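Labels run A, B, C and D following the written order; every chain starts at residue 1.
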């Protein structure tokens, strides 16, 4: 099990990059990951539901047109066509917006894909409130809860471009079905081409002992910024990048609970059944400690700019800092 | 409430206003869809300014007709039509897709009074309209239900579930309109996932099928009239349109499905439509009361 | 907030009934609840997806044929037709198997029903492994996680015939969308026609101070049996009937954590994101204590008899007792 | 591997065996579906004993044809066909729907070797078959894909998504069969949710439509032959059948969709089919090796 992973950047090294981080789209990581796969595996095929551009599968389509399958606006069909392709030995990746990948084809994911345990790879784009102006219907914030509930499924929420690219390649090597969630807008790059990525193994990005901030997706960056602010207040916060929501790295969580005594989770997802819920399940079964949740509070999203929305929905670094202060106060009061 | 009483000429002029609104609001928001809204402007205008019995002053008017856009992404034309028809002041259009303001990227009932049911996920709207049509009939209400769909949207299986349902229950108070602009996000509908022969499909599902030039106001008026006449069957109007209609550089180009014109493009588009961005934005800004906007046609 | 509710049966009074409980189908409670509603409200209509008999909506259909709508095998359409009916002022109840109500029409539930916040009432039949011989595809065990994740939705899992009947009536009076989960086979009756039922208020069925068993659905009976067994071992177990999963009665949970110091959850649902997850979320945010989960361990169901399956999947009273012993041991070890 | 070589007479007798198996296994399980399995017995037999190139001894045979039942609830006929064809010993049929044993209530790939993809939720199977057909074509495999659907199942919109997809990609290696028994759980299909005119619907979706008497073995052989001949289009066979076919008191009665015969009813049913529950159960019990069961037709 990975604790502090050698290659993982440490707080000091992060500091400058945190101030002015390189911004890159996670969906491009998905698109480039598919191209990496197309080159190394002949069995990888890609399906899309009339969203080639916004899911960046065009990268693959241009290089491997004969392995690219346009399904049109028919997510249910796409999920099951992918299953049929898998039954003939292909490794199918399908791409659409996460709201539709997780909800419109949930029954197909459950029965045909997961129950049969076929290696269908689901690319859920436009995850989270950061999607922006499209508004609520297009801001997927329920996928973690839905996918976690289905047996045989794995759920991955990479934190940046590089991790999404690696997760996409790793997804193909996993002989089971899995779901990768990524976003629309450019987000800070916090890992590098060589930082480690293993499905199911959390990466500790920052050492800390007063409390642990466990985050996924774009919130990993917010967590690192918050940890730096907390440090200036004399609080040592550990930061865990929980890129895999299922299977969950329960060991890293138990260690964080034991060693830090308080946990804050940070996710761009509804507060029920997401990262916070997954960590809470692990915490109460191992080492119960106070937890605070930074997440969308069971509300639909709305139109707006990425930052404006993240602030309005209470999921920016300052919200993580406030949650950390609450968690610490509760830890001290025990 | 009395219908508006507009001539074909009035309606054409109003449709032009709607197109200008679409370009002006997109120029401001710099986010949103151009193609479908422009192809829907003519039949949309005929619906809102002639065919439908709506009452923006009394949204819960029990005698009102009900309308629902299954293609939620065409909010620019929906809001332009609502604004011109008096659901809210035209000036609000300039807040499209902004955090402040009540005009969400996709139709939201609780943000925009007048929207009956929120939408944005394709394929669901005809089913909603079926429920409205059946519920109205159960209550003996003489109302008509209008549902606007896209042609790429026809690929969603739920539409065929609803088609079967509407015919089974003989919902002749239901009229669907398909914006048959032959384009969708990834290209030509026939290349992405062919839907032809579309009329045969709807006939095979026992609907009264009406085909019309979706930019010919007179033909549209007649089509809606025919739909009213159909007994024992729901009607669908296949409105043959051109994506981006009215803006030379957008016409028939799928790349305009989901992007707004930048400032220069908006200037050119509005010039082509006989006005300027400045002039038309000023018109929107000056219109701060909800009422049938000044212009073509008599007020209701 | 309801603590020990007066009308709620106490351990002593339950004892005899626990040994030889009256067995009744919760789906009949749904069917009879619809008839109760049909009589008192003219605006209630019922839709079904070619499953009139097994969802017991036939009871309503026979009495109110003009308010009964057969939709055929088309769950997506059914969900949205119900929404359209609600838009015209009806209070539509729809019925199908929970696996399809929650998964096949998830996107329709999320966007058209929940985002618009229409009073559509979803009856999810065949909830849980207890469905029996039909097997995995028909054993719905993900509904709690899915429905909880969607804003504006309420989630109700009644424990027996009477509670299902009351929940059905209460669902109509709630001006928002909600989901009621019920089962196929006869299950023990543990409440009476007069026991209290309020959406969002847990009912304490048994006083206890060593630990609390929080259960929903058929597991409430198993919890009561387990509590009795624990009593014989000198352990005082509180039993909470958490019939509403959303909105959650966080106050009753916090009190249980504070007063008992250990919690066992018992549900006929997947272990991720269900009752256990919901309670864990509440516990870590209020008063962290050791928790053990009695649930289906992220596996698909299979064919078999109700009891055989519940035993094989580890959700019978003895499993609850073992979980309680584990929770107590952890409580003492702190 | 060589096809079985059976005469029409052999196939009719084998279909009778399959029906007897269905009744006998349901009599034992006392849980499961009678109606659809019996209406599917004849075309099922033609598929498994003549049309399809399957190899129960080598399930991953790359040259095999692939089959998928979208109507997962008809497991009694699926398992009877698999048992008779030698996928597993017939004695296993007596463990249908039991906790022990490998024959789940609905088809489960990981419980029953030979099942390509699990099913049980209606409307998904044709899409799966489309994926199999496309994947096989991509790999240049000369395989055919067979998908069995129900008529009530036609109400699921996903089937029409798949229908559009198969025609768009010209999957002529795909052959669908619809068990057109005019019944579903709640009654007559035309009363529950009418699907007529079904042939027109499939033609409107650009399929090669073949109509046949689903209980006439010779006609079915010809229909599958015609399907093989179709170029550039997927084929669908509308097999006109009778629910509960072969058991007088079950025929054409929707109430038999999902219930098994009790012991007495099973006795009578098997008597009508020229055997007895005891005799036929004994045959199943005696058959403990996976092989083409003794009886009509030569072995492969």
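One rule holds for everything that comes next: contacts are C-beta pairs under 8 Å (C-beta built on N, C-alpha and C of every residue); 3 or more make two chains touch, one makes a residue touch a chain.
Just so it is clear, the structure is predicted and the values come from calculations on it, not from any experiment.
S.K.: According to the touch definition, list the chains common to the neighbour sets of chain A and chain C.
M.R.: Per touch definition, common to chain A and chain C: B, D.
S.K.: Between chain A and chain B, what's the gap in Å when you average each chain's C-alpha atoms?
M.R.: The separation of the two C-alpha centroids amounts to 37 Å.
S.K.: Counting only Cα atoms for the centres, state how far chain B is from chain D in Å.
M.R.: Once rounded, the distance between the two centres reads 46 Å.
S.K.: Quick check: what residues of chain B touch more than one other chain, meaning two or more?
M.R.: Each of 108, 118-121, 123, 155-158, 161, 164-165, 168, 193 in chain B touches at least two other chains.
S.K.: What positions in chain A touch 2 or more of the other chains?
M.R.: If we look for residues of chain A contacting two or more partner chains, we find 71-72, 74, 76-77, 99-100, 104, 107, 110-111, 115, 136-137.
S.K.: Chain adjacency by touch: line, ring, star, complete or other shape?
M.R.: Drawn as a graph, the chains make a fully connected set, so complete.
S.K.: Sort out for me which residues of chain D touch chain B in the complex.
M.R.: 123, 155-161, 164-165, 167-168, 193-195, 197, 200-201, 203-206
S.K.: Tell me, which parts of chain B touch chain C in their complex?
M.R.: 66, 108-110, 116-121, 123-125, 127-136, 138-139, 141, 157-158, 161-162, 164-165, 168
S.K.: Using the touch rule from the top, collect the residues of chain C that touch chain A in their complex.
M.R.: Per the stated touch rule, the residues are 99-100, 102-104, 106-107, 109-111, 114-115, 136-137, 141-142, 145-146, 148-152, 246, 263, 270-274, 276-278, 280-281, 283-285, 288-293, 298-300.
S.K.: Spell out the residues on chain C that touch chain B in their complex, using ranges where they run on.
M.R.: 45, 66-67, 69, 71-72, 74, 76-77, 79-90, 92, 107-108, 110-112, 115-118
S.K.: For the complex, which residues does chain C have touching chain D?
M.R.: Within the complex, chain C touches chain D at residues 48, 50-54, 70-74, 76-77, 99-100, 104, 132-138, 302-305, 308-309, 312.
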